[in-house]
Amino acid sequence: MKKKAFDLLTLGEILLRLSPPDNERIVRGETFQKQVGGAELNVASGVSLLGLRSGIISRIPDSSIGMFAKNKIRFCGVSDDYLVYDTGKDARLGVYYYENGAYPRKPGVVYDRQHSSMTRIDIDEFDDSIYESTRCFHTSGITLALSEECRKTGVEMIKRFKEKGALISFDVNFRLNLWSGEEARKCIEGILPYVDIFFCSEDTARLTFGKEGNVKEIMESFAAEYPISVIASTQRTVLSPKIHNFTSVIYDAKAKKFYEEKPYENIEVVDRIGSGDAYCSGVLYGLLREDGGCASALRYGNASSAAKNTIPGDMPSLDREEIENIIHDHETVGYHSEMNR
Amino acid sequence: MKKKAFDLLTLGEILLRLSPPDNERIVRGETFQKQVGGAELNVASGVSLLGLRSGIISRIPDSSIGMFAKNKIRFCGVSDDYLVYDTGKDARLGVYYYENGAYPRKPGVVYDRQHSSMTRIDIDEFDDSIYESTRCFHTSGITLALSEECRKTGVEMIKRFKEKGALISFDVNFRLNLWSGEEARKCIEGILPYVDIFFCSEDTARLTFGKEGNVKEIMESFAAEYPISVIASTQRTVLSPKIHNFTSVIYDAKAKKFYEEKPYENIEVVDRIGSGDAYCSGVLYGLLREDGGCASALRYGNASSAAKNTIPGDMPSLDREEIENIIHDHETVGYHSEMNR
Amino acid sequence: MKKKAFDLLTLGEILLRLSPPDNERIVRGETFQKQVGGAELNVASGVSLLGLRSGIISRIPDSSIGMFAKNKIRFCGVSDDYLVYDTGKDARLGVYYYENGAYPRKPGVVYDRQHSSMTRIDIDEFDDSIYESTRCFHTSGITLALSEECRKTGVEMIKRFKEKGALISFDVNFRLNLWSGEEARKCIEGILPYVDIFFCSEDTARLTFGKEGNVKEIMESFAAEYPISVIASTQRTVLSPKIHNFTSVIYDAKAKKFYEEKPYENIEVVDRIGSGDAYCSGVLYGLLREDGGCASALRYGNASSAAKNTIPGDMPSLDREEIENIIHDHETVGYHSEMNR
Amino acid sequence: MKKKAFDLLTLGEILLRLSPPDNERIVRGETFQKQVGGAELNVASGVSLLGLRSGIISRIPDSSIGMFAKNKIRFCGVSDDYLVYDTGKDARLGVYYYENGAYPRKPGVVYDRQHSSMTRIDIDEFDDSIYESTRCFHTSGITLALSEECRKTGVEMIKRFKEKGALISFDVNFRLNLWSGEEARKCIEGILPYVDIFFCSEDTARLTFGKEGNVKEIMESFAAEYPISVIASTQRTVLSPKIHNFTSVIYDAKAKKFYEEKPYENIEVVDRIGSGDAYCSGVLYGLLREDGGCASALRYGNASSAAKNTIPGDMPSLDREEIENIIHDHETVGYHSEMNR
Amino acid sequence: MKKKAFDLLTLGEILLRLSPPDNERIVRGETFQKQVGGAELNVASGVSLLGLRSGIISRIPDSSIGMFAKNKIRFCGVSDDYLVYDTGKDARLGVYYYENGAYPRKPGVVYDRQHSSMTRIDIDEFDDSIYESTRCFHTSGITLALSEECRKTGVEMIKRFKEKGALISFDVNFRLNLWSGEEARKCIEGILPYVDIFFCSEDTARLTFGKEGNVKEIMESFAAEYPISVIASTQRTVLSPKIHNFTSVIYDAKAKKFYEEKPYENIEVVDRIGSGDAYCSGVLYGLLREDGGCASALRYGNASSAAKNTIPGDMPSLDREEIENIIHDHETVGYHSEMNR
Amino acid sequence: MKKKAFDLLTLGEILLRLSPPDNERIVRGETFQKQVGGAELNVASGVSLLGLRSGIISRIPDSSIGMFAKNKIRFCGVSDDYLVYDTGKDARLGVYYYENGAYPRKPGVVYDRQHSSMTRIDIDEFDDSIYESTRCFHTSGITLALSEECRKTGVEMIKRFKEKGALISFDVNFRLNLWSGEEARKCIEGILPYVDIFFCSEDTARLTFGKEGNVKEIMESFAAEYPISVIASTQRTVLSPKIHNFTSVIYDAKAKKFYEEKPYENIEVVDRIGSGDAYCSGVLYGLLREDGGCASALRYGNASSAAKNTIPGDMPSLDREEIENIIHDHETVGYHSEMNR
């Protein structure tokens, strides 16, 4: 069988992120850090850094600010082959403003993403060959919530990629400012029959899907209802805006086996945005790599997420060797070198 | 008669301006200068710097980014008494991206101002006392072009301010990306019967209003048709993105007298945005100050505009003493001090 | 009775603050952060952010650097109505240099505030209408210590504001580099008969006023001697330059009741300067707001101070909604959102 | 015939460029701008911006600083498919330090490129499929001068690409600090029989190749000796470090026809480095585009070079639409818009 | 005869210079460039860069900001052997705020130098050995104008250095904001009998010393009255804040010979402050170097001054080789390399 | 006996250090902090800050980047008298790239120091007078490992300085990327007979010198074999990249006495590089100061090292008064001022 061009394609909105430097606030100051992010882009970037081939499916304006986004996407190792350019008069790149927190002040975010070029995406803008070009397709609840057109495109792409043999990965990533829990539940239940790899937080499982019991019982319940292969759920403890703990649970639904490990403790958080996406990227890498599986998904997922917190911006920037060193230190006791020389 | 609280109130949109530093481009780089601008805000700010009391009538989001705009408005000496805060879920501050040019590369601008909070302004959000609080009201064609609601509010405010005895100042400021020439002409002809001070470039007069003849004939033609007191028209020569010449012609329609002076030559342009608005502010100051008139309008208008080009950002920052020193140097020959000590 | 124009006026020096960025030192580096501060300005700014109308009474040079100070004062929501401009040849804005610490290196400060324009303030520069324009007047021992003229003006203003019905608030804020304990005691004892709200640290009470016993006994002793209504005392524990604990005790002398709450622990300190002033602003807000009183003074005071530590510069920047969210999180257990969205 | 994957592949060293900001000097200051450049990379980047597919053949260290170079290459639209990573202990990326000038101070450059990973390139590190993958291959005298291995690889690649049907483009780019004129002449004469497109400055032609006569006679002389199709020679006048004039002459050796146009005058130079490479990219684009030829080579070459001078860093950043607007303004008289809106 | 430790010692105040970056203004912005300057320090630094041994005699506070000044003095090659540290409570480093101009806006400066540690300098703080340690001593009218103590110390040092055989160099550097013309004249006439090298602008000669005639006649008149060996006068033409012309006239009073050369034209001014001091440094170097004299004084003086304008900050930063290249280019026609490689 | 010109001379390489700001990574970002470091320079700088006279013996390129290094050396109080300038075509300053870490991401360093000018140092470039000019000579294993020439020069200088009566200080500072343990052991055993003050970590003692037992037994073993007077060994615990503990053990071999103190705990690490060198500087200061000895060596060593961690860059910046305040706070309980005022 022919080798596919990509290991992973993701579908999602690309946002301009504007952040005051350091501990400065949005209401003050004279500069913004100019970055690019978006849940599914972050996932694609993390997978690329770990050594697989990834690309992003999205719709951006055909303007300087759109070209900036494209350049950054390439910079972070993600293919721009499936970007569609919006030449309309109302083309715009969604924006979000983000500021760091410090206890007792929380981080803050202001979204300005309505009416973006992405919200008017149309599945007919993409050639059918796309569905055969990847081993895995990933998107999230954010994409489904952005607009009617996004939802239609997202759901239809899931079906077409599935049909062409791609694994389907889906992260619920519930955002109350985008849709209601009821809308989310209804929409996502419609796609769960197609999903192979499912990311869902414990809170969302309870509040949105009405699940009960502990996290393992919740996972078993999803697996009982839908033909999902792998279910992953992060476990983050926010000690302060600058100190977190992190681990996760992964359920191998075929083998009915749970994977867990001790948390990364006292993570020195530089920028927490995108650490959930970095988790997805680590898990997907762990599953998609040669000889991959839930055990490596857990290790790469946890390490990628913990490490992302130490990086400014949405996107991860640690490569496979660095992640593997972190995993090694996490799993061993005794002498650890203090520096990467 | 009771002294009015303000010398000038302006109505207009407040925009977040994002610019790469120096000669960097929007498509690259990692920071944006974070500034606030907008044609009518720039006018109000210039008038305040020259020593009169001014305020801005506008509608901004009730979010961190809206508060940033409010803080900056206060910073530049403009009253925030008539800002209305949009608490809606779709509240947004319009954004524009601006980059400097250098010959042969032109400056560039990308607008992202659709659907802003301003576009949903409603005259009923303002108390009737506003109409008695100022000696002069100013707005521009940009405001009228932003949305149906803006046009309705703008036109109605012109009428109400006029009724309460305020001078009405209007700058055509034609922008093809906001409306067609035909739309502009039709709308503006409807308000010209109320306008006392009229700013219109020669090009726009020809292309939009179908005027013919030289600039003076054009001015006389406007004065013949409408009860305008003062008509002002800038004369800018762009030698390169970094070198301009500037002067203007002002017509005192009552006295049928033209005012002109030799241009400022080889202006060292740092940031050209807002120099037209600075011109309006200088002219309005020249007319509204004690013992003001067209002669001082010309001098303050030209000097304010020339000097604005040397300041980064939309808004002017020279105070009256500095502007008067510039006027003095422009009008005299012989020894000029090299530095303000 | 006529509504007063301001809820709070404060009297104090405005300083230019120059700080190397991040962890850089004054002895090295090539840039200074350019900020404005001063104990009483910080208080006025905090009260304004919480939603009341405040202004600063001060004297600054009529130069570019003075105008910078004025612009910043407006930026932070404080009225510039009662600024007096010094046009003398020796006009100057006091300066202080501040650098952050990191254990075991302490923060450091170098003052250069002698001979400033403020030190030559004269009560006759202010119109008598000022004394009727505010519900509360606040100043601190720093103002009284700056110069003979400051002391005279400060003491006299306290009396005049008191006479016109304003509440008098006073923060001892003892600084050994400005005056001796003996001088301070003598001067402050002269004004305590006029003071309604009194801020005094436990250390100063002991060392300067010779008080004995625990903090509550000290407060009772002040209340026994003077007709003070509210006495407040902060309790800060410096775990390291970057980690503090904070709480306070407030004594309602009329009701003979103490107010206390558990400390904010492990505050992630970004910039500790001004956190004492932010405390005053929170307390004053708590007392001056509708239905205010010592209970809300304690909560707003502690939260404002704790939160100020997370903000670069002297002045606070959290608004009422943010402070109330912090209070809510501090007082409740269970799920707290991780971010302000 | 099968479409080739690339329109252009270039062979050359990639350097880390370190520059103090603005007018700061290397001997002072605390920051360097961190950029990536190299003559052949600049050419590939320019061609990519104009809309063709390009890639760079090079050898870089397998370290963080090497990865930075790779990311930047991708950012600027150039393929990283043919980068070889040096994992040796002595792997290094060449560095050069560059500072701007201002009359009468010249720009300055300090090279630290000896012993770089590129100098140990080996043709056997590249798969033979590379030679069939491009329509055109470009390199320069710099590459041939870097090391024995570079020279061997460069010369052999020219031959292999030629054999597989690629056009061969060569820029003499003589650098006295890399080799002597005699060495250069001897080596380059060995490859001229393979070259289709030849870039050589008038000075170098005279000093290194001993040509005589005016620039046109020189071009004819090269064409008489070697089977070159197109010869291009830039004509730059340095009025000051910040003001240049630029044009060029192109000779179509088959048609024996010269192409010239009036110079771009008073170019506002921001960063002159790479403007010669931008010229090559414009010329190659003009020849390789559909319906291309020497006329469009001249126009794109001159405009690309003139415009590059206005961009900080080695690499161009104007896209085809922007370049075509510049060409249009250069070729027409009358009204030109002042800004790209 | 024993070789002296220094070629040049200068006496003068060291100031902290605070400048907004680029074209930003003092009234706005959030950072200051943190630099150190002062007329006589600038002279010492220039002479050191050109290859002679120089030191500064001054008095600075024994605080972090004083240590910053000391570090910078060493950085620029000047000896800190004769710095006296003020440990008093009122120790301060004078400050000045400087902003760049752009036509028609002039550069601006705000001084805050009163009461500095320097103003309380006392000649008894210096060991007598100092007077034998240098070949030349230089100071300026600024030092004499700063305070009574400065004047006393300056005049007395001139006498003592003279007595020990040092050449005395004096730059009038008249500043109206420090003293009146009458005061200046009277004081300077008292020291002219000791002066060997005299710098005086044409304007000052006329206005302050009542000289008449052209610049040469003025020089002759000084030489007739006083035993001065060399008189130098700069000739600057300010075309705009960013474009100057510069040359000078030097008079060899012993040989009764004038030295002149064609001006440096269209100097690209980055920072004009200190260019007069750089002129002094070039002249002094030209006189003090081996085989020096008025001819080389003229060339090094003009080139040093012209080149200083291209450097941010007060102090020059070009070394002898660079200055000599500039001289060479200025004196020759034909091919000049475009860059220092 | 004649007073020597220096208290300490060190021999070592000077490197350009390039670091992304804050938590940014080498693989991304657009600026590098431009600093200078090197183990022996750091030691000399620390000793100078503490109040002794120190200088560095090294070899740097005669280029702008070499001059930058020289200027910085002077800035930090170290004499440049013994710098030798490499005018060769292959002159280069070694470079290293350093990025900060945050748990779980470690700091990282990339070296590019091969072929530097230092590696070709020749003892004949130094005048014999150097050996009589200092009370103490210090170098480290890094210098011995850099090249054959460095090793020869280092070993020979140790002998010559010893002969002229200087104390010899040596820090093993073992770096596996420079030489093997076996090479190191062999070389260092050759110089130990000359060493008076010996710095060796416990790990290196075991792994490289095959020592056994606890740290004290190891020290006794060295003292038994060689005529060393003082042996010092740091004890660092890396809790995370941003939190360390630090103390040390010093052995007075003559008195057979160990010196220890409680660790500095929870050091807030800003930049860990150079903290080992700062330790050496504190120890050497403690030994070389008047009335010095192992007790003060321990206190100054530990405090200097702990404090260095809070300073960006390689070199320390705390002066003696600051270090003594830290020592005082470390050794006392009870009230400590929160800030240095």
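Chains: A, B, C, D, E and F, in written order; residue numbering restarts at 1 for each.
Keep in mind that, in the parts below, a contact is a pair of C-beta atoms (placed from the backbone, for glycine too) under 8 Å apart; a residue touches a chain by one contact, two chains touch by 3 or more.
In this text the structure is predicted, and so the values were computed from the model without any measurement.
**Student:** Among all the other chains, which ones are in touch with both subunit A and subunit F?
**Tutor:** Chains touching both subunit A and subunit F: B, C, D, E.
**Student:** Superimpose the Cα trace of subunit C on the Cα trace of subunit D, which carries the same sequence, then give the rotation angle to the nearest 5°.
**Tutor:** 180
**Student:** How big is the gap, in whole Å, between where the Cα atoms of subunit D centre and where those of subunit F centre?
**Tutor:** 45
**Student:** How many angstrom lie between the centres of subunit A and subunit D, each centre taken as the mean Cα position?
**Tutor:** It comes to 40 Å between the two C-alpha centres.
**Student:** Which residue numbers or ranges of subunit D touch two or more of the other chains?
**Tutor:** 22, 25, 27-30, 67, 71, 75, 108, 177 - these are the residues of subunit D that touch more than one other chain.
**Student:** Select the category (line, ring, star, complete, other) that matches the graph of chains linked by touching.
**Tutor:** complete
**Student:** In the complex of these two chains, what residues of subunit E are touching subunit F?
**Tutor:** 67, 71-72, 74-77, 319
**Student:** For the complex, which residues does subunit D have touching subunit C?
**Tutor:** Contact set of subunit D toward subunit C: 29-30.
**Student:** If you look only at subunit A, which of its residues touch subunit F in the complex?
**Tutor:** 22, 75, 264, 266-271, 303, 306-307, 309-312, 317-318, 322, 325-326, 329-330, 337-341
**Student:** Sort out for me which residues of subunit A touch subunit C in the complex.
**Tutor:** By the definition above, subunit A touches subunit C via 22-25, 27-28, 101-109, 111, 177, 238, 240-242, 272.
**Student:** Report the residues of subunit F in contact with subunit D in the complex, numbered from low to high.
**Tutor:** 18, 20, 25-35, 63-65, 67-68, 71, 89-90, 92-93, 95, 97, 99, 108, 110, 112, 114-115, 177
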